[in-house]
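Look for chain A in each of the two complexes below; its partner is chain B in the first and chain C in the second.
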Partner chain A sequence: MSDLENRYLPDENEVTAKVIDGEAIIINLLTGVYYSMDGTGARVWEGIERGRSIDEISAAIASGYGIDPARVQADVHTLFRQLLDERMIRAVDAAAPVDAAAPVDAAPAAFSGSYQPPVLNVYRDMAEVLALDPPTPGVFDSLLKDPNA
Partner chain B sequence: MPIADAAAAAIDASLHEAFAEACARHSPVQATYVLSGRRASIRVCGEQLAEKVHLPFAHLHRPGDAAAADITIDLWDPAATGVALPAPALEAVNAEGNPPVRVSVNGRYVGHRLRRTLVWLDRRCSRITGGVDLAAPLSLFETGRPLYFPLMLWLRDQRVQFVHSGMVERDGRGVILCGQGGSGKSTTSLLCLLAGMGFLGDDYVGLERTETGFVGHSLFASTYVEPEHLRRFPQLHPHAVHGSAPGEDKSVVLLSRLFPERLRASASIAAVLLPQVTGEAATRIEPATRGYALRRAAPSSILQLLAPEAGSLHRIASLIEAVPCFKVLLGRDMEHVAARIDELLCSLKPDPAAEARGR
Partner chain C sequence: MTTRVLLWSPGFLGEIGGIEALARPMVQALHGNGFEFRVMATNTVLPEERTLSWNGVTVHSLPIYDALARKDLVAYAALRRRVREIEQDFDPHVVHVNHHHPGLVVHCDTMAGRRAAVVYTAHGWGFLTSEGSSHESIIGRLIRGADWLVGCAQSSVDAVCSLIPEMRDRSSLIRNAMPPPALQPAPLPWDPPLLLCIGRLVEQKGFDTAIDAMAMVDASVQLRIAGYGPDAERLAARIEQQRLGDRVHMLGGVAPEAVPALMNEATAVLMPSRGWEGLPMVAVEAALMARPLVASELPGLDEAFVPGQTGVAFPPGDAIALAQAIGYLLGRREEAEAMGQRARQRAMREFGWDAYIEAYGSLYERLARRESRVRSRESLSSR
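Take a look at the complex of A and B:
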């Protein structure tokens, strides 16, 4: 299977994310690095949260803007490389179920404005703070447990 | 490395025995407080320690039945009572090779140690027990934010999430000022306090979702000020407690001594403000996108307080989706900042049900 057909999901061991009003905010809980993406980037992240492949995400975005999928695919592929390098996403089994609430073959609505390549904004200021006072190994997992269990 | 459940339970029991021994030697001073809407009974053996523990929480002091408390906090001063901290507790937390936080495998017990403080939280029984040794000076953190770690953890168990923010209010409705260090949230919060607004904090605020909206809760009536703040706010200077240890560049001011009538326990949240120092002449307030607000508000709250958890981002996002968000572009006109914020608060449409809840 080619890279384009691989499916990815957010790496929930490390990151937490929220897409709010078309902007994705993603925080790596272990490194303290946080990220933002709007426009195309936020759409890509939403596709990743639904377990879509690069191919599927690119096709949906291209269809929404009415442009050549090949143009989008190269940009999205580049973004995926960045997301993998930053440990934000992980590859999953191709047979893993995707988000049933959003069928793969649903026609995407037309997007307003013109297509812009996705941009990953990276913020490392909190990572520097965390490096001065790193989390204590083994503590967090226990602190997150239900004490009444 | 987590501590075995049985060992943690044994340490908890030894701390209870030590407290009982301290009570036999020195009658405890008991008082009740309302922490984020929950009743807390605090018993302290050692008059000097009782005063030091009371001051940061003075604005939350309420008459009440200790037996009906949601959390019980038992502390003693080894120096005053002659009852030492049990050796197993001392060895478990922050002894050589051990970190300042220890948690049992099942997550029930949490030990926390600061310079002169060692406490043990039983999350299941809602009980904090420990010693604060006044044989040597407390750190600034212990002075202004006693028991911050176990209290914030217990309150998180009660679904109150602390965020890295300040909060000020008028008539039970407030604005929460979010941002990491250097954003201007502490300065802005203090300017509002000095201008007569109600004050809930300048660094930590408890966030709780209720049926009628979001409520902000105060925990500590203290502020940490840099030398620049003391020059800017000379009223604080006579009350500043200066640090004595290396690295303690700030001073702490216990605000209950200065402005008891302006300190608030809780208030409804009408808006999220995101201060930013600009260096321009005049302060401006303008709408902020929700994405901008979340990016400015969430990281320091999630990464610097307690244990980072995925749900925190979504809770903060829920607040940002529920109320309007504004950038506060701080200019050099410090004398106008509080008035701008007060005007904004007055212009926001009130929700009567939320107001009633906030009082």
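Take a look at the complex of A and C:
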């Protein structure tokens, strides 16, 4: 089996993730590193959540944009390497059942806009910045009662 | 044209700290000069999003810090959506990011398609490690995404530009300033001598060094520590451990408007910071109240006072040296009083409020004009 046919899932021991409003937001639970992806990246993450292979995800995205699958496949493959390096996804047994109802495999409606390669935004300093300056409880209450004070 | 400015100021309503103490009068002054503001306050303890009116300025209280700290991605996504709505509705000419904070990940995530010019003000330099200034950091991305960098001190400008050299030709210095307090400085009290530490109770401020020094100075000397923060219990334990309960007093938080009167009761103000400082407002305020400063030798702080002229410097974290510096100052009453007077004269000259407001107003207008030209060109080309 080629690399492109391998299946992966989000590594839930490492990350928590949501795709909301077409954007994927992912936090590494152990390191606090924060990630985001919009557009194509978010579609790839949805595919991963459904246990789809690189090949399947690329084909669905290429179909949605009406472009050459080979072009998408190279970009998606690069993104998968990044996700593996960041330990955000883990390989699963190819024989494991996948979500057959997943819409990413069905011929999708045409995506709006032009195709943009997926970009993984990484914020490695999130935990550090959170630790720097936590909100100070107790002060807001008095100002809220009388904001002009 | 009214210039619309969206200001990211994490603790605008909720916190008592130098950056907030400066942001509030700045917004008030520029609002009075005809600028239209929206404020995004993200370090709030309120659990849900609220919109408040503060002196005619709309302030959005957005608990982004809380959502990120709890890793509540649904709450975070809802807040991010709200930020986009606010930006679309307000359509700012300028987005001003005042200091770094976790909520700015929203600003970074929503950069694509933003039409406003972005100003970032660096209040300090210690957070800028080579890793922290990389493309894979909130701080690195937001500084690189800014159209203009302002440093509150020369050390801040230099530190950012040394790590992110492309900012060199789009940066400037606007030193922190403060409106002169209405209260006139009182003579320094000597019976007994009273020292004052004021600031957030965090390790970086080095108030534990001041407590340790108190065990080594004359027993008549008193110390007050004013402020909130996570270090409160540790400092209280240190006071007890050093058996200084009758000489060192923790006052808790003090409202900004009460600070001048508190400083008037002090013989000297201590700033034993061991970490980075921007251009600390406590030092500026102490100078305006004609108090001599005893402070750590640190970049930023060294722009706020002149050792030997307006105060005494000592190596950060060195309690023995701090005790010696306190002893030096308190043993030279006339010199201490002269230092206080020189500090006030220097502060009125170097940290003038009108010049500060003028500098930010001019910067906003210059960037807004540029932004308007871009919008006009876009509008023409789309016809």
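The rule is short, and it goes like this: the second predicted complex is superposed on the first by the 122 of 149 C-alpha atoms of A that agree within 3 Å, B and C clash if a C-alpha of one lies under 4 Å from a C-alpha of the other, contacts with A are read in each partner's own complex, and residues count from 1 in each chain.
Here is the rule we go by: contacts are C-beta pairs under 8 Å (C-beta built on N, C-alpha and C of every residue); 3 or more make two chains touch, one makes a residue touch a chain.
Note that the coordinates shown come from a computational prediction; the quantities given were computed from them, not determined experimentally.
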{"item": "Partner chain(s) touched by A:Glu128 [first = chain B, second = chain C, both, neither]", "value": "second"}
{"item": "Which of chain B and chain C A:Glu23 touches, first, second, both or neither", "value": "both"}
{"item": "Which of chain B and chain C A:Tyr34 touches, first, second, both or neither", "value": "both"}
{"item": "First, second, both or neither for A:Asp85, with chain B first and chain C second", "value": "neither"}
{"item": "Doubly contacted residues of chain A, that is, touched by chain B and again by chain C", "value": "16-18, 20-21, 23, 25, 27, 29, 34, 36, 38, 123, 125-126, 129-130, 135-140, 143-144, 147-149"}
{"item": "Residues of chain B defined as touching chain A within the complex", "value": "1-2, 99-108, 110, 123-124, 153, 157, 180-181, 289-292, 294-295, 298-300, 302-304, 306-314, 317, 320-321"}
{"item": "Interfacial residue positions of chain A with respect to chain C in the complex", "value": "16-18, 20-21, 23, 25, 27, 29, 34, 36, 38, 121-126, 128-130, 132-140, 143-144, 147-149"}
{"item": "Of all residues in chain A, those that touch chain B in their complex", "value": "12, 16-18, 20-23, 25, 27, 29, 32, 34, 36, 38, 123, 125-126, 129-130, 135-149"}
{"item": "Complex contacts: residues of chain C adjacent to chain A", "value": "10-11, 13-17, 43-46, 52-55, 59, 65-66, 68-69, 71, 73-74, 76-77, 80-81, 100-102, 105, 108-109, 112, 127, 131-132, 134, 136-139, 141, 200, 228-230, 253, 255"}
